[in-house]
Amino acid sequence: GAKNNNEGGTNGGANEGTNEGTKVESDGSGKDFKIGMVTDVGGVHDKSFNQSAWEALETVTAETGAVTKFLESKGEADMEPNLNSFVKEGYNLTWGIGFLFNDALSKVAKENPDAKLAVIDSVIEAPNVASITFAEHEGSFLVGVVAGLMTKTNKIGFVGGMEIPVIKKFEAGFKAGVAAVKPDAKVEVDYTGDFGKPDLGKLAAATMYDGGVDIIFHAAGGTGNGVFNEAKARKDNGDAVWVIGVDKDQSLEFGDEITLTSMMKGVEAAVHKVSKDLIAGNFAGGTTQELGLKDDAVGLPDTSSKNVPADVLEKVAEYKAKIVSGEIKVPTE
Amino acid sequence: MDRSLTAVQLKGITKRFPGLVANDSINFELKKGEIHALLGENGAGKSTLMNILFGLYQPDEGEIWINGKQTVIEGASRAIELGIGMVHQHFKLVQPFTVAENIVLGNEPVKGLKIDYKLANEKVRTISERYGLKVDPQARIKDITVGMQQRVEILKTLYRGAEIVIFDEPTAVLTVQEIEELIEIIRNLAAEGKSIIIITHKLKEVMALADSVTVIRRGKVIKTVTTDETNEQQLAELMVGRDVSFEVKKTKREPGEVILAVDNLKMKGEQGKNALNGVSLDIRAGEILGIAGVDGNGQSELIYAITGMRKVEGGAVKLNGRDMTNHSPRDVSVAGVGHIPEDRHKHGLVLDFSVSENMILNTYFEPEFGKTMFIDYKAMDTLSDKLVKEFDVRSSGIHTHARALSGGNQQKAIIARELHKDPDLLIAVQPTRGLDIGAIEYVHKRLVQARNEGKAILLVSFELDELYALSDRIAVMYEGRLMGEVDAEKRDDQQLGLMMAGNKATADGRG
Amino acid sequence: MEMLRKIFSKSSILIPLVAIILGLIVGAIAMLAGGYNPILAYSSLLDKLFSTPYNLGEAIRAITPLIFTGLAVSFAFRTGLFNIGVEGQFVMGMTGATIIGVLLDLPWYIHAPLAIITGAVFGGLWAGIAGYLKAKRGVNEVISSIMLNWIALFLSNFIVAKFLVEKGQQKSMTVHESAMVKIDWLIKLTDNARMHWGTIIAIVCVIVFYIVLWRTKQGYELRAVGHNPDAALYAGMNVNVTMVKSMFISGVFAGLGGVFEILGVFGNQTVMAASPGYGFDGIAVALLGGNTPIGVLLGAVLFGGLSYGSAGMSFGAGVPPEVVRIVIGAVIFFVASHGLVKWFLKPFLNKRASKRKEAA
Amino acid sequence: MDVLEIIGQLINTTLVFSTALIFTALGGMYSERSGVVNIGLEGLMVSGAFAAAVATEYAIQAGLGGVSPWIGFIAAAIYGVLFSLLHAISTITFRADQTVVGVVINILSLGLSLYLTKSLYAGSGQTPLLENVFHKWQIPFLSDIPLLGRAIFTAYPTTYIALALAVISYFILFRTPFGLRLRAVGEHPSSADTVGISVTKYRYIGVLLSGALAGLGGATITLTTTSSFAHNTISGQGFIALAALIFGKWNPLGLVGAAMFFGLAQALRSFMQRFEFAQQIPAEFFYMLPYVLTLIVLAGAVGRSNAPSALGQPYDPAKR
């Protein structure tokens, strides 16, 4: 969860997309259901969790025939009217993607007790809202283990977006993971202050790689694209540098020559599950689920085996077991 | 020189602007080698006609014949091709450029891709020597005097091979010496075979310089005469359409109390040089002190110092015995100083304000215009109506923008405003610059009237005639100092000229 | 009433109207080129705006900050200054209101006014810096306010994150109810749209703008300095102080815009990655409105209405909402290039004129 | 890491950050030297960034490989010219207010670029990531020189182009007839007009060049840092370039200095964060650094900078 803020400048405005549910071999069970989703300012094609969430809804449409639709927010002020667009159209479920929806969604939920809503990355205590959060620190711990074991220079980098609690969670978990396997390795931290500025990510990465860092974990949304760009340029030059991606399996986007692994967040699975539950008649309103390692909702993608040696992956598995069992408690800040 | 050939012939030229006909079927003929003066009141249409000849405006009707051939002059470059050059009323010079750059602009000698500055300087030097127009090719325009700038303008036309040269009010901004030099230059040009058109409001210059004169009034040609067959008085009447008196009636008067006392003022100039080097003077109630001198010798700074528009480094200004040194312009104004500024567009008016709003520019804060924080627009308009009537400021109404007034009427508005304040001291800097004789007559009358009412008047002017006509005493300023005073009763141009060039006053001055 | 005369004089009302129509046509062409249905799109836009009380209310909510920022830009323009820093002043206004709203706990009749005034003063002072630098140091206000925009953003983020933050969040604690300025009955009436007193104050500001500039002695000074600082100096006005005052007042308008986003809409302030953009939109609004107060009001309605309605355009017709920016840009373009508009109108006007002649 | 190495890196990073600013500010210079205010630089950069992303993408699709970014680069300049044609026609021919039209350019180009992006890429507000972009050149031999090699001789081709253009622009502006005339038009259009120089023509050239160069500035960002175009690819750089132009007193070399100063401040912000002591300082203060530094320098040193006298005034020969 690294893309969350209100950037760029307009008020009003949204983008839209619809899946009409008559395609493919849907079982038709959701034909009468309408599910809406409001993105944060990253937009639906953010290559991050907005996109994951929308992909989940596309799958829901394909499977059940439900109508799904999204609206993009251009600024924080749009979030509430966008949610209301769905609620007042009588949608059966409305998603708010990202923890910036906290205020807007709880207000809309309170004003419309009959409507059903769900939110990612935020906890809203209302009987008609299902809240889903992730234990990002746990997953970050595991990629920290990978980085700690694989660094050759004993210098590792962390590039953050804005210095805010969620991202701090990534940093804390990551540092703990590194420390667990390589106490003498140094983790350099650079918060760029922005989730949408690849140039700053690129600069941060360049500075770190120049300083001897060989692996960088980014939790910086679009800013992280700059980290990948810089790594790619260096790899082309023959330097042995790596990036650890975030939210999705970023090797699919940036290639596995530079993507060591990624800290995946199971947004897609979560959205899919909650939406299907709704159609099946058991909406998890009023509950909060913190999805972590135990639910396989955070962690490394399978593609990791390409660049991460088996023995390291074994270690990762060990630590995962310890975290799930509660033997290790990963710090959050 | 065969003067029977015509250089320019304009036939039935008509030019209309929204709401008025600036040129109304004008016929005009300029013979080869002739100096032809164009006379007329402000707004008569002289500049418009010349702008048409130079291709800047297109006539609505009429024909232009150059050297016996009918032509259409669709732009300045075509005019230049035809051998027409124009020295504009407002100089067309690029301030940060050098003299040479201004002259060769648009027609630069090149070496490869580069401008050949050496050749450019050389060319400028050659023509400047040939016509006796001394300039420094490498000096920047912003650093040279107005007279020098005008030479650059003339050189620009000569560089382009002009055979017909138009001068639009070339003497309005020049000092006596510079005017004499210019007259010499123009004569030389004519002697070289160039044909000259000159616009001026100064009849003496016309008589001294021109071969023939065309008088225009309200866009129509009134008459074309040769200077042999006319005189100043007749020309003035042709222009204005009535009898004009050049005499300023001024009775002898005993001055009263000292109103303004300036003691040893010192001020730094823009370039760090001292602009004022210890100026001292007194003015009494009921007298006019004229300040003569070449432009740029500290006159403007003296006024800025007295009015508080710029801080002085040393010395004192006393008004009615009260110390006003380095007080704000507001304090000075309230203490009883009226100021007709040198540059009416820069300082005198807010051109985008209405005439009415301009009338209260330095009194708007008085209770007269509202006792609260709000402005009493009714009071403002009442006052404006009154002043506009009294001072005969002509415009389409007090709510029109000051921008739309002619220069003469703008000046009248300023004078009205400043006199209405009933100041003890009135400062008038070049109050008649660019005005026609009718307007000048009026301004002079008002100034003398103010003096007779017992006001002290400080008059800065570059025109000796004006200084002699109005002043009781004349002080000469040179390089930030007063060189001494001369008696206005006894006119001695020679003496004054010497002092303006930096010589101390001799025995008969009081310096 | 010179103003009113100006507004209703023929060409000044005709040109904006024609410009709006031309702008909508440009938008329609863009949509046709992109394979969308412009008629459906525009009707969805109108539908979105006027279909429900909620949407109407939310549109007004979206228009309100634009009135403030439009006034701010116009005010400075009127006095010869280009305040491109409205964005930063807006953010400072938000921050001022949040600080008071969060940290103090007072009775409502003190709390809300105090928060409003603090925010306004924050905005004013922030603009005043640019004014001061211009007056005293000759720094071009365009550059200094661009810099100040960024500084305001980061400074506000710092203040929120350091002193006001709600634990575990990236936003401030919630402003006390006593400082909030919602209008409950209107909220009920509009089905929970976020209606607040800021809208009323914005309209009051439109009037204040007019009165200050055209009715007071202070305004007379401000305008004189704006048109001709040399003449103002000559007339005994303190040009430097006036310049700072002008920027301050402009900043107060901007700051108020920010204040009501906090006290009327959000109730807290987030740590922002980029400023909200109302300031830059304010430039457009000011230009749309020809820098007159009524013009700004109408410009804000047009700009804000189109922007808010654009969500409906995408909802109903699948058109990317950016097309609205194209429409707005085109409208301002045509307002500015009135020469071009007249050129468009010429055949039409000529026909009318010749008809009249025939009739006569 | 030794000190030389750090300094070398700092200089290098400075160059990377200032390149786009140099291009854009140079563009602004041509426009403003001719007397046309160009507050639309931001928008022109947006257009350039967009055009570069799309053209490069198409070139890659067409199998042009490593040549693709160059095609994108040139396309950006052409697109920038087309966009600024709008500016030129309205401000020069129809004498519209230059500031207003600049704002229009900013609004239009962002709106249009995003609209086109969504139309071209199935609703995505972002162009696909480019396979081929510019890479840093290591100039043979020179790049091995200590300090300088690291600092200057390992850089993107765009940096060298920008610096070369600055020098060439200096020559054009102050040594050639074209430059003299352009400056004359910006200082005193009627004096240019009365010696037969077409004010309209030179202003068109100035404005169109600004479009081309600001387009290159935008392309530089796409092709050296972001590798794609999105709504926030250009966020304020155009305005910073405008500041650099004013700060650099409308002089090609001056503005390079100003752009480098700004680049340095940006580079410092990232460098400082790596030192231990810096951990104590809130990050926001580092983010502010470039802007605060600029403000301080402006307030302290320069004072009134001298803009071309006729800047912002439409030229109407019939008006006096």
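Should a chain be cited, it is by its letter among A, B, C and D, assigned in written order, with residues numbered from 1 in that chain.
Heads up, the rule we're going with is that a residue touches a chain if its C-beta (ideal position, glycine included) is under 8 Å from a C-beta of that chain, and two chains touch if they have at least 3 such contacts.
Remember, predicted model here, so these are calculated numbers, not experimental data.
Enquirer: Report which of A-C and B-C is connected by more C-beta pairs in contact.
Expert: If we tally the contacting C-beta pairs, A-C comes out ahead.
Enquirer: Report the chain whose CA-based centre is farthest from the CA-based centre of chain C.
Expert: Taking each chain's C-alpha mean as its centre, the farthest from chain C is B.
Enquirer: Give, as an integer number of Å, the spacing between the C-alpha centres of chain D and chain A.
Expert: Once rounded, the distance between the two centres reads 35 Å.
Enquirer: So the centre of each chain is just the mean of its C-alpha atoms; given that, what is the distance between chain B and chain C in Å?
Expert: So the centre of chain B lies 46 Å away from the centre of chain C.
Enquirer: Please compute the C-alpha centroid of chain B, do the same for chain D, then give the distance between them in whole Å.
Expert: For chain B versus chain D, the centre distance works out to 45 Å.
Enquirer: Quick check on chain C: which residues sit in contact with 2+ other chains?
Expert: 154, 157, 161, 274, 280, 320, 322, 324-325
Enquirer: Counting only residues that touch at least 2 other chains, which ones in chain A make the list?
Expert: In chain A, the residues touching two or more other chains are 7-8, 15, 163, 193, 196.
Enquirer: At least two partner chains per residue is the criterion; list those residues in chain D.
Expert: Correct list: 118, 123, 232, 235, 284, 287.
Enquirer: By the touch definition up top, name every chain pair that qualifies.
Expert: A-C, A-D, B-C, B-D, C-D
Enquirer: Which residues of chain B touch chain D in the complex?
Expert: Contacts found on chain B: 54, 56-57, 75-77, 80, 86, 88, 90-97, 101-102, 105-108, 110, 113-115, 156, 160.
Enquirer: Considering the complex alone, what residue numbers of chain D touch chain C?
Expert: Touching chain C: residues 39, 86, 89-90, 93-97, 99-101, 103-108, 110-112, 114-115, 118-119, 123, 232, 235-236, 239-240, 242-243, 246-247, 282, 284-285, 287-288, 290-292, 294-295, 298-300, 302-305 of chain D.
Enquirer: Taking the touch rule as given, give the residues of chain A at its contact with chain C in the complex, in rising order.
Expert: Residues 5-16, 18, 71, 74-78, 80-82, 84-85, 88, 99-100, 102-103, 107, 111, 161-166, 193-196 of chain A touch chain C in their complex.
Enquirer: Would you mind writing out the residues of chain D in touch with chain B in their complex?
Expert: Listed in rising order, the residues of chain D that touch chain B are 175-177, 180-181, 183-184, 187-188, 190-197, 309, 317-318, 320.
Enquirer: Can you tell me which positions in chain B touch chain C when the two form their complex?
Expert: Its residues touching chain C are 307, 309, 328-334, 339, 341, 346-353, 357, 361-362, 364-365, 369-370, 373-375, 399.
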